[in-house]
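Two complexes, one shared chain (chain A), two partners (chain B, chain C).
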Partner chain A sequence: MTIYLMTIAILLLIAPLLLSFIKALKMWLLYKKPISIFQGYRNFSKLMQKETLVSQEASIITRVAPFLVLSPLLATLLFLPPVTHGAFYVSFVDAFTITGLISLSTFFLMLLGLDSASSFGGMGSSREAFIAALVEPAMVLTIFSVSMMAGDLGVGQAGANLTAHFPKEHTASFLFAGISFFILLVAENGRIPVDNPETHLELTMVHEAMILDISGVYLAIVEAASSVKFIIFSSLFASLFMPFGMQFGFLAALVIFLAKLFLIATAIAVIEVNTAKLRLFKVPNLLGIAIVFAFLSLITFYVLGA
Partner chain B sequence: MGIDFFIGLFLATLIVALFTARLYRLILWYSMNSLALGILALMVGKSLDDEAMLITGVATLVIKAVGIPYMLKYFSEKFHFVRQIQPQIKTHYAIMLIPAILVFTFYLSEPITHMVEGNANYVAVSISSLFLSLLLMMEHRHVAPKIIGFLSMENALFLLGITATGGMPMLVELGIFFDLLMAIVVMNLLFHKEEEVRS
Partner chain C sequence: MFQFDTLSLLFVFLILIGAIPNIFYSYGYLPHIERKVHYQLHYFAFIGSMIGVVISANALMFLLFWELMSLTSWQLVLTEAKKKKTIDAARFYFLMTHFGFLFLLLFLLIATDGNLELGFAQMQGIVGRFAYPTLLFFFIILGFLSKAGAVPLHVWLPYAHPEAPSPVSALMSGVMLKVAIYGLFRFLFDVLYPWPLEWGVLILVIGSLSSLVGVLYALSEHDIKALLANHSIENIGIILIGFGMGMIFESMHLKVLSSFAFIAALFHTFNHMSFKSLLFMGAGAVLHQTHTKNIEKYGGLIKAMPVTALTFLLASISISALPPTNGFLSEWMIFQSMLGSSNLDNTSLKLAIPFAIFALAMTGGLAIACFVKAYGITFLGLHRSSNAKHAHEVNRLMRLGMILMAAVVISLMLFMPFYIGWFDRVLTGLGHLSIYDKIFPDGIWHMHSVAIHGGVVSPLFLLAALIGITALLMYGYKALHVKERIHRTWSCGYRTSARTQYSATGFAGPIRRFFGWLYKPHEHFSKKDIEGGSGKFVDLHYEVHIKPLFEATLYESVGKAVNRISYWIYRFAHFEQIRYAAMIFNLTLMVLFSYRIFAHQFSWPTLAIEGTIMLISIKILIIGEKR
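Showing the complex of A and B:
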């Protein structure tokens, strides 16, 4: 139980670090002077001290929604697969619960965008709904097929099973699920081929458009929520699709797990530097590929057993 | 485990190629497809202890993964091919069509898989990639992507050969390689002709 709580605390602590790491690595790759990797924490403390202004037209939702954006994600953090062997984990949570909790958070983020009745907020919310609607089926299919391969529908149990005995005969469908989940990781966290997290250009922004109208503590909470979302997706990827290194002691396993997270962050940064942002109406094509791979993984598993 | 991984990679690169709308990217995916195939041939050859298959694997890596993509790119620069190759079948339909083809071919190949001993599902994957390369040929209007579809079909047949029969005779393989090289040369002439007609 201590290991379980400690892991969650560590994941929460390094969540802003990971996003700042991506940003710093991107700047370094573009021959710019990189920002400090602790910039995430500085932004958070700065925003916590700032005055919180709320638009006159805003209803109670603006005051409530930031907390409701963060809390489902915090709940999801408790249901992640274990990091080390023998650690406590919640075994009954399946693909639908995790996807549902993440969509709940997205739903309140969309409400937050709509609430202040600015044109940008509505635009951002509609785009987010457009993307989230396509992400969900693929995510359910992917996690479901991986849990079937692992032999247990619970995500936590599946992560533990995959490390204990990797299903060697199902490597092909495992690969398809991995490709699909990586696309989802990029899409759901608003990284570059889908959404650019750095611009405030009205044609391109999705996530930024929804949070334009909030400030201070609320903004700090929503920013924290987006970094927690990234850590959820990357640690799901690390424990479901890179299942190794859990059998060592707590410290070694934790170091390996963190190394996996930073590896994923590096991959994201390299992809962001090398690709241009997709047009919004091309995003369904990318997510369509994710859906095709998720479905393919499931049918390869069922029909061929490969 | 390794063979399963590369079989997956083979099918994955083919599926991504079906969604590509850029010629150079399509050539890159074809090259990746051939790379997976070459590594597969090497692995299968090593497990069967078949030296001839090792030679064909190396030949696949050299000719199909490097040589043919390089030549295709060279031609497309020389003859100024259209590089925006939007598939005729819209992505929305392709998302439904590709899984349908996969399911169909997986069940289609089920009777065959009972006859083959050992890794029966490789047969299913190669037959489905055969159908997918057919789709790749169908969904494009321009010549160059059609050629790539044709070459992918050859890759699928090669995969069927190495996995189902436990090693084709090397003579046949080398014959196919020379055929392909001849086909590329003939295509070069064709493009040359087309260029003359257009100008």
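Showing the complex of A and C:
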């Protein structure tokens, strides 16, 4: 139980660090002077001290939605797979519930975008709705496939099972599911090539457009939510698709786990530096690839048993 | 004459919890209806006849109440029969519902061997001796699914539901469609029992198609009630996916999975009743205040109508299948039963079911988009018309109706194990195994899937976690004593106005563009430039109209074919006398020739020659020259 609580606390603490790390790495790769990797914490504390500016057209939704954006994600954090062997994990939550909770958070974020009567917010919500609708089927199919290889639909149990014995005979379908999930990780967290998290240009933005009209503590909460979402996806990827290193003691296992998270962050940064953002109507092609890989994974599993 | 087994009682309960909040709402709505006596008479007869359908024990009573249900609801659609649109919609509904009734009557005539007073159990013997059970299955499908609104018989819903008064659309969409689902359960279990595999697959395909078609057309809809009607098609599709999975598992002898899928279908039936009634009530309240059904004319209603807005939000979350609401739970169960398909030993089926999973997941994603649109454009932002500006909260009775229905939604979420226990008893009554202990093996807190490697969900824990964390965050925010300042929305130096907001058309834009091959939208764009410039304009209009594919192809082409045939019949009836003489001459010729060829002696050359003579004679004498 202590390990469980400590893991959650550590994940929460390093959540802003991971995003700042991606940004710093990107700047370094582009021969810019990198920002400090603690910039995320600085932004957070700065925003916490500011007053909140609320639009006069805003309703109660603006005052409630930031909390409802963050709380499903924090709840998801409680249900993640364990980082070390024998640690406590929540066994009564399965992968569908986790996708549902993430969608709940997105639902309120989209309402938040529409609340302030600004056309930017509407634009962001509309684009996010479009992307989220196409992410959903790929996500469910990937979950289905992974659940069969791991022998359980519950993420905690699945993570433990995959580490205990890796499905060597199903490497092909495992790999396909991994590719699909990685694309979903990129799409759901609004990274390049789906969305550019750094720009404030209305042609390109999705996530930033929805939150353009909130400020102060509310903005801090929503920013925290996006970093928590990244940590959720990357630790799911680390536990389900890089299932090794759990058998060591707590400290060693935790270090390996964090190394995996930073590895994923590095991969994201390298992809972001090397690709351009896709046009909105090209994004379905990328998500289509995710859907096809998810189907491929299932078909290989069923037909070839590989 | 009447029977009260668990299935009947379950649906009586469904009708009652659907109708009681509706009665309150209906009396709040009554001052705005002109023909009050007509309305009340048909309203209560409608509720009574629905109860009659689900408790009738023989074919005659069933048909009687079924027809009464159709006729009263048809009259209720006609309550405000002033506009041509309403009358057309009612006529279309009348036509479709009797199209279904015809097949139901045919089915029951065959199944009872003409003695309509037979009970359902006795019909099974007669049906067992009938040589073509699949024909009977098709009769059932056409009969019930035309009422339930599944593809391709769904076309009447987006016309009839918007034209009815709002309490009636809530009742029709929420409850009447479920009576058709009852019919499916009753006749498939009690009468047509051993099912071949193909029937289940057919239902699954119909369900998947309906769910996708429903949600896609809902997204492109601007009439809020038509949007909700399209969502009824979607949810009937989801129910049918569960039902079809149950039938597939049943014919593969996987009894436990089959019970699970049927329970999921029943649970979704209840859930759809609750949230769809609530959504129609909310839409009715908005319509009542703003006097328009066009979603583009709403906006900012959450400030004026908080009760409506909050209940509508609850229903929107639930219909979008977001945890921990009841809509999520039933969709979770349906997903779980589809994951059970990995246990089948039929590889082609195993490979086909992921496509249904894909359809269901896609439906879920699009439903979220659609309800963000419906909720955000209606209740959030600035009012988009003066009607919306002067709206205020509806009267107390209507609010009471909505709150009671919200209570039904919440009870379905909180007391889910109780409802599932009841569904389980219903299926036990229909000859299935009891699987309640398998779903809740350790207490009522965790719901387990019965599929191998299945998942677990614990709605109450989730609810508690969400409420707890949100309360904690809000408490923390309060404790910070943050200063709040109200200011106008920043929009690049301009003022925000109702016209600079995103519209519903704009919101659905990316999805409409992506599915352009399906929608084939008709776009109307007109722009009036200012003198001497092409970049600036004084007036701009953009409208999109989408004709549903099934209507444009299936229904209109049938209409065109009927038109053409009737034109030819008309031509035949209005020939000159000389041409009738020519026809008689040609007929005589044909009889003589065919006698010679077919009865006397057959040879190809004679056939060819005489055929040519016939054709020339017909061309010259009957058809004549082209005018």
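To be clear about the criterion, the second predicted complex is superposed on the first by the 306 of 306 C-alpha atoms of A that agree within 3 Å, B and C clash if a C-alpha of one lies under 4 Å from a C-alpha of the other, contacts with A are read in each partner's own complex, and residues count from 1 in each chain.
We adopt the following convention: contacts are C-beta pairs under 8 Å (C-beta built on N, C-alpha and C of every residue); 3 or more make two chains touch, one makes a residue touch a chain.
What you are looking at is a predicted structure, and each value in this text was computed from that prediction instead of being measured.
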Which partner reaches more residues of chain A (counting touched residues only), chain B or chain C: C
Chain B versus chain C as contact partner of A:I291, first or second or both or neither: both
First (chain B), second (chain C), both or neither touched by A:E169: first
Touched partner set for A:I179, first chain B, second chain C, both or neither: first
Touched partner set for A:A95, first chain B, second chain C, both or neither: second
First (chain B), second (chain C), both or neither touched by A:M48: second
First, second, both or neither for A:V303, with chain B first and chain C second: both
Partner chain in contact with A:N196 - chain B first, chain C second, else both or neither: neither
Intersection of chain A interface sets (partners chain B, chain C): 284, 291, 295, 299, 303
Complex interface listing, chain A residues touching chain B: 168-176, 179, 284-285, 288-289, 291-293, 295-296, 299-300, 303-306
Of all residues in chain A, those that touch chain C in their complex: 48, 51-61, 67-68, 70-72, 74-75, 78, 91-97, 100-101, 103-104, 106-107, 110-111, 113-123, 125-127, 129-130, 132-137, 139-141, 144, 147-148, 150-154, 212-213, 216-217, 221, 280-281, 284, 291, 295, 298-299, 302-303
Chain B to chain A touching residues, read off their complex: 1-2, 4-5, 7-9, 11-12, 15-16, 19, 91-92, 94-95, 98-99, 102-103, 106-107, 110, 121, 124-125
Chain C residues within the chain A interface of the complex: 299-300, 302-303, 306, 317, 320-323, 328, 332, 335-336, 339, 342, 347, 350-351, 354, 357-358, 360-362, 364-366, 368-369, 372-373, 375-377, 379-382, 445-446, 449, 453-458, 461-462, 465-466, 469-470, 473-474, 477, 480, 482-491, 496, 498, 500-502, 506-511, 513-514
